[in-house]
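After this come two complexes, each holding subunit A, first together with subunit B and then together with subunit C.
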Partner chain A sequence: MKRLATAAFLAFLFSIPLWVGSLYVLHVLIVTGIFTIAAMSLNLLLGYTGQLSLGHVAFFGIGAYVSSLVSLGFSVHLAPNWLVTLDPQPVWLGMLWAIGVSGVCGWALGRISFKVRGAYFVIVTISFAEVVRLVALNWDELTQGPMALNNIPPLTVSIPGLFEFSFIGKVANYYLVLIAGIVAYVVIARLVHSRAGRAMIALKENEPLATSVGIEVTRYLVLSAVVSAAIAGAAGALYAQYIQIVDPNIFLFIYTVTMVIMVVIGGKGTLAGPIVGGLIFGLLPEALRSLHIGPELQWVAYGVLMIVIVSILPAGIVPALAGWRRARGPAKAGLGDAAEAAARQIAR
Partner chain B sequence: MNEPVAAALSVDGLSIRFGGVTAVESMTFDVKEGEVLSLIGPNGAGKTSAFNAITGYLPAAAGSIVYRGTPLNGLKPSRIAALGVVRTFQKTSVFAGRSVLDNILIGLHLQSREHPLAIILGLPSVAREERRLVEKGREVLRFVGIESRESQLASSLAYGELRLLEVAVALAARPTLLLLDEPVAGMNSTETASFMETLGRIRASGVTILLVEHDMKMVMRISDRVVCLNQGRIIADGPPAEIQRHPEVIRAYLGERHARVEG
Partner chain C sequence: MLGGIYALLGIGLTLIFGIMRVVNFTHGELYSFGAYMMFALVMLLHVNFFVALVLAMALGIALGAAIEFVLLRKLRGADIDTTMLVMIGAWIAMQNLEQLAWSGVAKSIRTPFPSTPLVLGGLSVAWSRLFVFVVAIALIVAAYALVDRTRLGRAMRATFQDSDAARLMGVDIDRVYLSTFALGSGLAAAAGALLGPVFVVTPGMGDLAALKAFAVVILGGLGSIAGATVGGFLLAFIEEMGAGYVSSGYRDAMGFLLIILVLIVRPTGLFSRKERIG
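== the complex of A and B ==
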C-alpha cells in the first residue's frame, strides 16, 4: 500500500512534462524543486538535530558560485603577484566542487559553532551568510560583484565519442531536478534511518540520555551540518546552471526564511515534510497570482494562510496527518505516514 | 554472597561544589567487580551529585575517580559510557517521541560501526548491521520483559514499563558498571518486586551495579554493601545488616521510629 503510494507519486511527478504544456509552469516547478531540495537539506539540521541554521542560503549560494566559477573559469590575484587561473571546466566537475566546498564550509561552521549551541549557532549562521554575501558583492575580480556571473553553461553529460547531452530547456531541467531531488531524498532517508541519524535524533530529543549511551554530541552535529551543507550546495549548483546567472542577491536572508517556512510548515523532522512544505510554498504564490487579485492581496493571503497553518498544525502538516492516522488506527508508533515508511523501502 | 575481588571503581577524596556550596565532601569508596553497592542518604545528601561526577556530567572540584585503571576525571560522558560505565537518570528519561525499539537502537550506538559514507552509499553491510541491531534490540527488550511493547511510542508506556525501558536503554550500551539512580521510585510493590528480579538477572550476567535508592526494603535485600551519605559526607560503609544497626545511619536517615523498630 505504502509502496504503491510512493510509486504513484513518483509516476505522477515523472509524467508532469508529458501533460503540462506551459513552459512557465515547468519553470515554477523547477525552481520549486530546487528550493525543496534546499529545504530537505535544512531539515536534516533543523528537524533531526534541532539546530536552527538561519544562514542556510550561504551553502546554497556557495554551491551556485563555486560551480559557476569552475565551469566559467576564473583568474584572480590571491596576492599582488600571485595570480591563480582556472580554465573553464566541465559543469559536472563544477557541481562536484560545489558539493565539496559547501560540505567543507558546513564542517568548519559546525566545528566552530557547535561548541556553543542554541542561540549562538543561529547568530553564527546568520553572520556567516551575511559575510559570504559581502564577499561575493565586493570581490569583483572573482565574482564580478553586482555585475553577476553571466552565461553559466548548462550541465552536459557525455561519453566521449558516443553521446552527449546538455540539460537545456525546461523539460530536461525538470527531470534533472527531479532526479537530484530523489537522490537527495534517498541520501537523507538512509542517513536518518541509520546509526548516525538515530544519534542525531537522540541528541535532539534528550541530550543527557544520548551522551550516557556513548553518543558524541559534536561529531554527529558536525556530520549533519556537512551533509546538509553539501546537499544545499548541490541545489545551488543546479540553480546556477539552470538560471545561468548568479549574483550576490542569491545570499539574501529571505531565501533562508523561505526554506525554514517550507520545513516548519511541512513538518520538521519528517522526510516528507520539506517536500509537502516546499510544494505548497513554492507553488502558492503562483496559484495566488492566477486568482487575478492585486499583488498586495496575494501576499496578504499568503501570510494569512501561513499563520492559519501554523496555528492549526503547530507541528507541521505531515506530523499532523501521521497523528491523525495513528488516532484512527491501532496505537502504533511506526514512522507516521506513508511517505515515511516508503522512505525506508527506498533507502534500503 | 561470594566475596567480590578487585575494585572496579575507586572514588578517592571526591568533592563537588556548586559555587560556594559543597554538595559532596572528600568522599572515598570502592565498588568491587560484580557487587551491588547502594548509596543511601537523605535528600540532598549528594548521591546524585556523586553519580553525575562519576559519569562526567559534573566536574569534580577535588579527588579522583578511576574505573578499571582509567581515570574518569575530565572525560566526556560519551567517553565514559564507551569505557563501560553507563547510568540511568533520577527523573524518568527516555526518548519519548520514539518507539520502544528505536529507544533501544539508540542505546545500541556503541555496538555498531556503520561508517557515514557506507550509510549514504547504502552498502549492504549497513543493511545487515541494521538487521543485527534490531535482533540485539529485541533481545534486550526480552531481557527486561517489555518485548510486546516494541512498536509503541515510549511516551505511551505505563510508568513501571517506562522505568524498565530506561534500564533497557542503558543495558543496550553494554555496561560493565551500571549506575541506577532511584530506579524504583514511584513504582508499586508488584512493579518493585519484578524490577528486583530483573536487577538480579542483570547482576548474574556479570554487571557491577551502583545503586542510589530510597526504598530501604529493596536496598537491604539486594545490596552486598551499603554506603550511607549525609550532608555530603560518608557516615557509614558496610554490609546491609550492619548499616541497618549503625546508630548514625538510624539517626541521620532512618529516623526515630525506625530506630525503635530495629532496636
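== the complex of A and C ==
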C-alpha cells in the first residue's frame, strides 16, 4: 500500500514535464526541488540528531562556489608569491569536489561546535555562515566578490566517442534535480535506518541515557553533520550549474530560514516531512505572488503564515497526519520507548 | 561609541535569552524600529531631539511588551525550536512591514549637535558620538541597577536561576517575562534611536545588529549584564583593530571569528560561571 503510494507519487513527479508546458512553472519546480534537497539534508541534523543548525546555507553556498570554481578554473595568490592555478575541469568533477569540500567543512564545524548545545550551538552555526559569506564577498581574487561568478557551464555527461549530453534547459534540469532528490532521499533513508541512524535518534531523545549505554555522542553528531553538509553541497552545486551565476547573496540568512521552515513545517525527524514542507514553502511565495499584493506584503503574509502554522502544528504536518491515522488504527509504542529500545540494541 | 551600542544590544538580548530561553530574532527589528521612530518624531513631527529619544525608547518598550503578550505568552513551555520559528516569522513580517512603511530608501536624521568636533588635547571627538557614548553608558548603568537593586530585578535573577523554584516562591513569572522582554526591547530601540542619527536608517539595518548582539552575548556568557557590557566593548575594539590592521572588508567577520575562538577555548563565554545548557 505504502509502496504503491510512493510509486504513484514518483510517477506523478516524472510525468510533470509531459503535461506542464509553462517553463516558468518548471523553473519554480526546479528551484523548489533543489531547496527541498537542502532541506532534506538539514533534516538529518535538525530532525534526527535534534541539533538546530542555522548556518546550513553555508554548505549550500560552499557547494555552489566550489563546483563553479572547479568548472570555471581559477588562479589565486595564497601568499604574495605563491600562485595557485586550476584550469577548467568537467562539471561532474566540480560537483564531486563540491560534495567533498562541503563534507570536510561539515566535519570541521562539527568538531568545533558540537562541544556546545542549545542556544550556543545555534549561534556558532549562524556565525560560521556569516564568516563564509564575508569571505565570499571580500576574497574577490577567488570569488569575484560582489561581481559574482558568471557563465558557469552546465553539467555534461559523456562517454567518449559514444554520446554526450548537456543538462541545458528546464526539462533536462527538472529530471536531473528529481533524480538527485531521489538519490539524496535513499542515502538519508539508508543512514537513518542503519545503526548510526538509531544512535542519532537515541541521542536526540535522551543524550545522557544514550551516552550511558556507550554511544559516542560526538562521533555520531559529526557523522550526521558531514553527510548533511555533503548533501547540502551537492544541492548547491546543482543550483550553481542550473542558475549559472553565483554571488555572495547565496549565503543570505533567509535561505537557511527557508530550509528550517521547510523541515519544521513538514515535520522534522520524518523522511517525508522536508518534501512536504519543501513543496509547500517552495510554491507558496509563487502563489502569494499571483495575488498581486506587492513583495513586502507577500513576505509579511509569509511570516504571519509561518507563525500560524507553527502555533497550530508544532510537530509539523507529516507527524500530525500520522497521528491522525494512528488515532484511527491500533495504538503504537511512544517515541521515547522506541529510542530506548534503539539505545539498547546499539549497546549490544 | 560603537562599544556602548553593542553593549546595549547585547544586554537586552542576554536578558531575554538568559531569563526566558528565547532566541529573540526580533531584536534587530526593535533596533531599527527605534531608529525609525526617531526619524518619524524628529523629521516628520518636529519633536525635540532629546524628547524624541525618550519617546522612541518608550515605544520600543511598548512594542516589546506587545510581542511578548501576543506571541510568546502562548508558547510558554513549548520547545526552543518552536519559539525560535515563531520569532523568525515575526522577524520576517516586521522587517517587511518596515520596508513597506518607510520604503527602502535610507533616511537621515538631523541632530542638534554642532558639526565642529570637540578637541581634547590631541584627540578630536564628534559631539554626536560623545553624546551617544554618554547616554549608552547611562542606560547600561540604569539597566544594571534595575536588575541588581530592585525587587523586580531580584525576581528576574531568581527566574534566571530556576524558574520553577522562583514560581514556587511566589514570583509572578508572567510579569517577570513581560518586563524582561519589554526592557530588552526598550534597550534595543534605544540603541537604534541613538545610532540612527549618527549613520542613516535603512530597513535592513537590524540584521547585522542582531547578529552582533548574538556575538556579544556569546562573548559575555548567557544572562550576564557585566559580561555583555565588556563583550560589547571588546567586539567594537576587535572590529576596529581588524579593520585597521587586516582589512576593512573583514571588519564584520572579526566578531564571528572571535566567537568561534571563544567557544573552542571556553564554551560558556568569557564571564560566565553558569553551566552550559544541555
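Assume the second predicted complex is superposed on the first by the 320 of 348 C-alpha atoms of A that agree within 3 Å, B and C clash if a C-alpha of one lies under 4 Å from a C-alpha of the other, contacts with A are read in each partner's own complex, and residues count from 1 in each chain.
Note that in this section a residue touches a chain if its C-beta (ideal position, glycine included) is under 8 Å from a C-beta of that chain, and two chains touch if they have at least 3 such contacts.
Here the structure is a predicted model, which means the values were calculated and not measured.
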Superposition on subunit A - do subunit B and subunit C clash or fit: fit
First, second, both or neither for A:187, with subunit B first and subunit C second: first
Residue contacts on subunit A - larger count, subunit B or subunit C: C
Partner chain(s) touched by A:120 [first = subunit B, second = subunit C, both, neither]: second
Partner chain(s) touched by A:279 [first = subunit B, second = subunit C, both, neither]: neither
Following superposition on chain A: angle at subunit A, subunit B versus subunit C, Cα, nearest 10°: 80
Which superposed partner A:303 touches (first subunit B, second subunit C, both, neither): second
Touching partner for A:215 - first (subunit B), second (subunit C), both, neither: first
Least Cα gap, in Å, left between subunit B and subunit C after the two complexes are fitted on chain A: 13
Set of subunit A residues, in rising order, touched by both subunit B and subunit C: none
Complex contacts: residues of subunit C adjacent to subunit A: 17, 21, 23, 71, 74-75, 78-82, 84-86, 88-97, 99-100, 207, 211, 214-215, 217-218, 222, 247, 249-250, 252-253, 255-257, 259-260, 263-264, 267, 276-278
Sites on subunit B touched by subunit A in the complex: 55, 57, 76-78, 81-82, 86-89, 93-100, 102, 105-107, 109-110, 112, 114, 116, 119-120, 122, 126-127, 129-130, 133, 151-153, 156, 169-170, 172-173
List of subunit A residues in touch with subunit C within their complex: 46, 52, 112-113, 115-120, 122-124, 126-128, 130-131, 134-135, 137-138, 207, 253-254, 257, 260-261, 264, 268, 294-297, 299-300, 302-307, 310-311, 314
Subunit A - residues contacting subunit B, complex: 186-187, 190-191, 193-196, 198-199, 201-202, 205-206, 208-217, 223, 227, 331-334, 347-348
